[in-house]
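Chain nomenclature is as follows: A, B, C and D, assigned in order of appearance, with residue numbering initiated at 1 for each chain independently.
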């Protein structure tokens, strides 16, 4: 059981008639970086608060390090938490913020000093120790907030959208630092975000949540390449996946004039079943130019809008009157109005059942 | 977050004009709009104050007249037992009222903030006395504290014959009789202000302190209260301005009695001006009151509003 | 919530095979009568009784007859309920020669209240806005001066304000008489005097003056908390001082307006001193009559009439409190607490 | 400019004078039952006998509440047509400042000099030979009111003098009766002292102190006895917690207390309670020790308005207030004595008759208001109420501080 850092069993949380979390099970390994990803209202922060003990579940159990902590106070659970709004104590210095909890727990003075110094060193906030949060920048504040979790010397860190109040550049920087921190500390980290880039880059595993349920829990790679349903497929990836509605007949996907033999596609059920289906094609998996003709499935689309982004170019077109996005190499010139030949590898496509939206 | 931020906003800078317009006309609308306020501040409050101070050096009786008598009025003022007692009473009442109003107001607000049932009902109950005037407050508490019909009488009629609670007729504790009524009237507003302040505190702070394992009371005293500094400033301004003006309640409840044991400075002023028809004496007493206000208030105001830098 | 918690623990106990992971599940069991709750509600209820006691005393006393008041204690319920004190307080009690109770003062109070509240809040709102968003050199000094004014006992300012009103009135009369001849040809139409002292307009001005310190403080703090970006954006769009105020700031000010209205209605409605000093007998507000009823003594005080009169006078502000108590807290949260 | 002036005109009252009947706003602090009924007599007289209207500006709470309002109105240039003051030194400054209407021509026309009795009342209205106020009644302080029932209950005869009363006090205590009723207000305590001073130290000593401001008399033996007696009175009054004078009177009416030192206005309370002088209660003018009454009272002043029509109406009103019918009607209701020696009150009880006799004999003295400035009175009020309420304060302390205040007084 030592491999299990945080376990959640049959967790339910209702606010009156509203079911925020439903029969949720989650098993987080020791040292794992788990990201809870979802749009707002999906219950990801609620779940995190339940793990932290800030919210009481209606039913179910929570274990941390094999101990049932369902009824324990947050401070007794062996967790540290970082908040979106930093939640620093504004009237105390950085040092005060870091040490306040420890002083309360009657940790010996030299031990406090050791831990504060270590956290400050790790986070490179030593020069800031005597300042108050009001005099810090957003990034510095967030480091202090992380430091406050760090000094607690706990096994599990909880992050509640820690980077969303920062600007893009800083967010990228801190993201890397967080990853480095995880490598260095090797603690279990549970991280809530709505930003898929953060999720993809940081996570060992991602749990995609919707409506209080976990849609898919897997490594970023699997989530990206083999989304279990249309929601996950749509949610992950930028620009988002193209969906073409059609039918699957004897291993061939048809949508209007477009046909695609699902050669090499790894069906979830083992083999193909006929019926209406949706094909999900990632814009970056579409092959253009001369190589397109070599692909098993091809079609022609008209470039309606071209968005050059430097490294790559995004092309907007239409397939069956639905918007269709293609991402191609930035140095290939494309004119608006140009007809493009594109090729698709069925092995990299995701097929979903039209009615259940589950992966086929 | 807004709480931590300084309220100071830098005056909007015009993009450097080629020819700087005359200083007086910059922000002209603002200056025009502030004329009523400036007129009030300068003509009424400052002018009235200066007028009062000037006439405190005269022997004005029923009408203000410029018969200079130097510091005579002040000498007499400080030689008068009633004035000394008034100041002592105000100090006693002021300290008790300030501390108790803040403490009770905050504790009640904190209790209402603990996600309790019937919050609306409790809040309305605590706030309604503020809708009533001091005259009414004084009257009803005089009635309740009446030794024959009120609390003392009722307790005695229940069989506890020796029970004594007669603050309004006991010079030693009469100020506490006033305090009971004053707190009843004033704590509700302060509670509302505190409650509003508590509601303005980021939920994450509470969560952070729970994760840190800080006990609730310590979270209040060490984190929440320091964060509510602006709230306390507003509250203290309100309470203190009420304390200095304490008059109606005393008149309605005790008329300064028994004897002169519940006299207060504002009443001394009124009594001198209109009872004794000695405006000069009243103005001298007013001047002393104003002086103490200025001594306390100006350094604070400069710090609060004048200073550029604030954490 | 608590019930579910206990239910769940029972379920877990009944069904131990449910999972290998036993122990606490669901919400922590809470008893409604936990020690903490007993303390909390106990204190709240005791305090609520202290706050309600005077209201209770006022109501029961106002419904008792005088003999009963003399016999019983202030807390006992009335034996024979009588509404005579209310009738007397409203329509019959004598204040001097006039024996029509509080009713004559009620409408005077309304006439004083409405323009005073409107004017004082308008001035304070504009001033607070100018002080927070359009600062200029010295504006803070004036503001500090104004705040000192909040600490001056009204009584001290009685005579200075009388003199100011008199002189301003005379000054305006001079202007009026000096200039009106240019504009009107009608003979004798310029004889009138502008009279501020002893008139309703004078009283309205006085209420505005003395309400100003606290109100300006509230509005200033409130407007300061409105994001600077909004203001800047409007400036960039070419909006001026008044446009920003009316189009952007005012529509956002409902909470603080509620607070200002409540404070002013209470203050002005309960005012006695200004009402009696700065108006004439025909315009005396209700509080003057209340004072006359309460302070006029003959024989034993008519406590029941006093209490009825007190309650009647307090009805208007009380009604406003009961109706808008919730908005009040919200408004204070918006305005008073951000410095 | 036009717009602004129009606005100003719209917001402020622009008063234009109109001819004919005048509204006369009269400010006073007579609001309790009997007082208000008495004022009603004035109002009726004005409304019926003249074409003018009486606008009542009653402000309860006594002179301290009403006076700032009146003075403010005068300073502010919007004076009432008439206002009530105690005659004496209170209005002197207003007269000096030329704010009060000169009534000399009315006084001469009506022959006030001949009819006002005692003449000192008119003197109090006269400043530098001109008459400025219309005295309307006489009130005197020097009375003690006793409850016959209380003495009966204690098995005692109703005393005839203060000295006897003091001897009876222990017996009253034993019977569970508070010997002396005293309200909690300063003016009652100082007023009672004044009564005891003239009764126990004599008129000469009192005048030496109050009129000549001779502090050595205060420090003297005669006054020392008064302070001692007052300290005894303090003990006699223990056990009754009331504020207003009429609550104290009520204690005498109910027999809870045996006696009260209070001016003749207290008699109105006995009358309202349906008690008969001589049977249910007794009265001792001059505490039974000395046959003298002071002649305080109320007067009306008429501010200068600059409007001849109002002025004429004011003078009409002044004359009316002193007319015999109005005097009788007013004073019968108010319970005070008329200022005219030539009228008879309709009903006169024992006590009122005693008072009238004293007046007729000329056993009068000037009232405190006529001798002491309000400022000094105010200081003495404070001192005496402090003395009364501070059991630890000795008679000697009070005596010395009293002397100091008299020394300062001018």
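Here is the rule we go by: contacts are C-beta pairs under 8 Å (C-beta built on N, C-alpha and C of every residue); 3 or more make two chains touch, one makes a residue touch a chain.
These numbers come from a predicted model, not from an experiment.
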{"item": "Chain whose average C-alpha position is farthest from chain C's own", "value": "A"}
{"item": "Top-ranked pair of chains - ranking by C-beta pairs in contact", "value": "B-C"}
{"item": "Inter-chain centre distance, chain C versus chain D - centres from mean C-alpha coordinates, in Å", "value": "39"}
{"item": "Computed distance of Cα centres, chain C from chain B, in Å", "value": "16"}
{"item": "Where chain A and chain D are represented by their mean Cα positions, the distance between them in whole Å", "value": "90"}
{"item": "Rounded Å distance, chain A centre to chain C centre (Cα mean)", "value": "52"}
{"item": "Residue numbers of chain B (touch at least two other chains)", "value": "3, 64, 229, 270, 273"}
{"item": "Multi-chain contact residues (two or more partners), chain D", "value": "68, 75"}
{"item": "Listing of all chain pairs that touch each other, if any do", "value": "A-B, A-C, B-C, B-D, C-D"}
{"item": "Complex contacts: residues of chain C adjacent to chain B", "value": "40-41, 43-44, 47-48, 50-55, 57-58, 61, 69, 72-75, 123-124, 126-127, 129-136, 139-157, 159-161, 163-164, 208-209, 212-214, 216-217, 221, 224-225, 228, 231-232, 235, 240-242, 266, 270, 272, 287, 290-291, 294, 303, 306-307, 310, 313-314, 317-318, 320-322, 325-326, 328-330, 332-334, 336-339"}
{"item": "For the chain B and chain A complex, residues of the former touching the latter", "value": "1, 3-4, 202, 204-205, 207-215, 218, 222-223, 226-227, 229, 311"}
{"item": "Partner chain C, residues of chain A touching it in the complex", "value": "7, 9-10, 12, 56-61, 63, 68, 70-71"}
{"item": "Contacting residues of chain D [partner chain C, same complex]", "value": "1-2, 5, 8-9, 11-16, 25, 27-28, 30-34, 36, 39-40, 43, 54-62, 65, 68-69, 72-73, 75-78, 80, 244, 246-247, 250, 268-269, 272-273"}
{"item": "Contact footprint of chain A on chain C as seen in their complex", "value": "1, 4-5, 8, 19, 21-28"}
